[in-house]
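Below you'll find a set of structures to go through.
What follows is a pair of complexes built around chain A, which joins chain B in one and chain C in the other.
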Partner chain A sequence: MNNWDWSAVADFMPRFWDGLLLTLQVLVLGSLLSFTLGLVWAIGFRAPTRFVRWPVNVITEFIRNTPLLVQLFFFFFVLPEWGVQFSGLTTGTIAIGLHYSTYTAQVYRAGIDAVPPGQWEAATALSLPAGRTWMAVILPQAIRRIVPALGNYVISMLKDTPLLAGISVLEMLQQSRLESAATFQYTEPLTVVGIAFILIAYPASLLMRALERRLVR
Partner chain B sequence: MSADISTPEIPDPKATDPAGELIRFDNVTKRFGKNTVLDDLCFSVRPGKHVTLIGPSGSGKTTILRLLMTLVKPDEGVITINGDRLFPADSKHVREVRKNIGMVFQQFNLFPNMNVLRNVTEAPVKVLGLSKDEAEERGRELLDLVGLGDRCGAKPTQLSGGQQQRVAIARALAMRPKILLLDEVTSALDPELVAGVLDVLRDIARTTDITMVCVTHEMNFARDISDDVLMFDAGKVIESGPPEKIFSEPEHERTREFLGAVL
Partner chain C sequence: MTAGLWTHWVLPGIWITVQLTLYSAALATAVAFAVGTARTHSSRFVRFLAGLYTEIFRGTSALVLMFWLFFVMPSLFGWALVPMWAAVLALGLSYGAYGAEVVRGALNSVAPAQREAGIALNFSPWQRMRLILLPQAVPEMIPPFSNLLIELLKGTALVSLLGVADVSFAAYLVRLATQDSARIYSVTLVIYFVLAFVLARGMRALERRTKVGIGITATPGGAR
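And then the complex of A and B:
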């Protein structure tokens, strides 16, 4: 067993901060995308016509039941052949946001289903337009219950960001691999990265548990 | 013009047709699965009348209100409001015709994320296009009318069931409906809260010309406010008439049985 080398840790730090910043960037943008798109899917599940409901169901089931890594490779290596090309970072953010939107959609769906049918009926009886019914009546009641569940998916998403190393995005894991390739030091960079994940994910999951107690009766 | 429909002041040529009917069901059938809830039903209600539907559970009374509120669609038949098709009709037309109708539910169905006043003003602002000030002024008046003028800022969950139901009545009235549907509005209330709600409704029945269609198990209330009572059994009207007649000398055997059981 090698001895732990603090100087290797120090050497890794500049790369590490860059990687952390990129990881957080992917996480924030990916979350926003997954929250927005997930809501679109969830409203699609409830569309009055099956010509919307069916495609939405098929698309989301397809995305949810194929691995994120396969999707990343597909977007990164296959789409350019059809003339669609983005940077690894953009591709990765879109792919992870899209993938997780199919999970958040289910969370939204559960939250929306938990709003009593009488709320929809009261909105109809008052002739509230569909958009207003969603924005003023249904979503405010649904969101409250689902904030903790959405938060838990953000934590999952955080732990999936290393997959982006597979399409050469310079997030934390990829930075540690570059460091190791240059210095042949594996232990210190990987350990730092692992600790970083724990330091973000564990407090975040405690926070979600606390939120759950407060928001979900 | 669609705008005419929601404005009672403008005389509607159809309102003066000989029949003078505001609500009309023609051969309406509604099934849930294999269960026929309404069977080839025909009835009509003239403007300003108060009609009470009575009958055993499952006889289709609530379904009639839900059809009028367009919460469910009939399988067959024609429903018209003031000569305008509510069914069959395209959805845009339905939305216009529906603005004439308000409903109060058994479970109140107030919006728990809004305070009491906002529950009452939301639809007038967003649907009728009233200014916020206008809607709030009228909302406060209506809440005064139902005895809750001092609870404007409260959340529905802070109110008793009877208070919630009175807010729900104010909310329905705020849309200035021509027709008010009352679906067992006291059934979910503790007994001591029933009277307050019924008093408010008696007031409205006496002082406005709103047409009321009411499903209730409160026979005294039905007797007080009704111009007509319709007795339902197995998806059909088996007997109808003024309350004095239905409650005192019912003709139909089923009506006698039913009233014997509830009175």
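And then the complex of A and C:
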């Protein structure tokens, strides 16, 4: 540990906070997108016709089993060819949200399957319309127990945000690369970023474990 | 896309991706079993160290770890790694930490009476682990390991950012050469999907075999 330079850490800090802010921004928007889209997929899994179920299964399996990085490049390079111009940040947020929506869809599915069948039957017996059945009966019971699992995917998503550096989004990793390119100090910025991830992810995972104890019986 | 691009970049790229997956999976398995069994150790200190390892490597991002091993290790400790091995080390260490949780969970799910029976029969701790606990725990581990293996395969795409010529890197070069992103990136996604499918099938076969070893016939569709 002979080459550590604290002043380089101090120099990196302004960029670091910018990067952290952008990372959190991607995380929040990406999470919201993945929660919404995941619910759409999950309802698609239960659609009455297999002409909906089958494509939804194929699409989500495909997205889930291919790397996020390649999907990022796909959207970043291919969308402009089709005439859709997005910034790297927008592309990255959409790609990460879409990718994780296929995970949250599985979480929603498990949560919805865990609602006792009697609840569906009761809703039918009360002749509730489909919308009310979902909004007032099924989802409130399902979502409660899947909050910790969704939270764990938010943490995974946080750890995947550095991939956005690949499409030159100025999140934490890219900021550290820029700093290194400007000052030729590779050690400190990258180490700071690595430690920052642990400092955010560990308390967050403790929080999820506590939530799991409280919400999942 | 011309044949030259295929034979010079994409096919060797697929081979590099497969190699990366196998090497990192081997390292991750070794780490997972070592750390996972250490987390069930009787000494508190060993449990703490193993827990610290899992929290650190699960807490950080695999890509940041990869960059750190490649760019920071040389200046901080004087060891330089080839990009390929920096990648294998980063993937193996971080997915090993995820695997360790799987190993710990599976070991804890073996009925306590099994362990007690081992003690009653005067088995040494090592014999208990090898002959009683692991044969029953391993089939339980395979479905989550299968998911982790797919995650690992997807993780190998990160190495292209270090300049390792895997299939994602090949896609990037082909894009530059042909100026046609849609085709090559669609092909690349399909390649990864096929690899993931093959791995998932292989793990399912492995699960059946390990279950037969302890006298359970696998339920169809049990592995997910």
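Following the convention adopted for this analysis, the second predicted complex is superposed on the first by the 215 of 217 C-alpha atoms of A that agree within 3 Å, B and C clash if a C-alpha of one lies under 4 Å from a C-alpha of the other, contacts with A are read in each partner's own complex, and residues count from 1 in each chain.
Going forward, a residue touches a chain if its C-beta (ideal position, glycine included) is under 8 Å from a C-beta of that chain, and two chains touch if they have at least 3 such contacts.
Being a predicted model, the structure only gives us computed values, none of them experimental.
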item	value
First, second, both or neither for A:Pro162, with chain B first and chain C second	second
Chain A: partner with more touched residues, chain B or chain C	C
Touched partner set for A:Glu81, first chain B, second chain C, both or neither	second
Touched partner set for A:Gln141, first chain B, second chain C, both or neither	first
First (chain B), second (chain C), both or neither touched by A:Thr124	first
Partner chain(s) touched by A:Ala181 [first = chain B, second = chain C, both, neither]	neither
Interface residues of chain A shared between complexes with chain B and chain C	none
Residues of chain B touching chain A in the complex	69-71, 95, 98-99, 101-103, 105, 107, 109-114, 122-123, 126-127, 171-172, 175
Chain C residues touching chain A - in the complex, by the definition given at the top	55-56, 58-65, 67-68, 71-72, 75-76, 150, 153-158, 160-161, 168, 171-172, 175, 180-182, 185-186, 188-189, 192-193, 196-197
Chain A to chain B touching residues, read off their complex	116, 118-119, 121-122, 124-129, 132, 136-137, 140-141
Chain A - residues contacting chain C, complex	1, 3-4, 62, 65-71, 73-74, 77-78, 81-82, 158-163, 165-166, 173, 177, 180, 186-187, 190-191, 193-194, 197-198, 201-202, 205
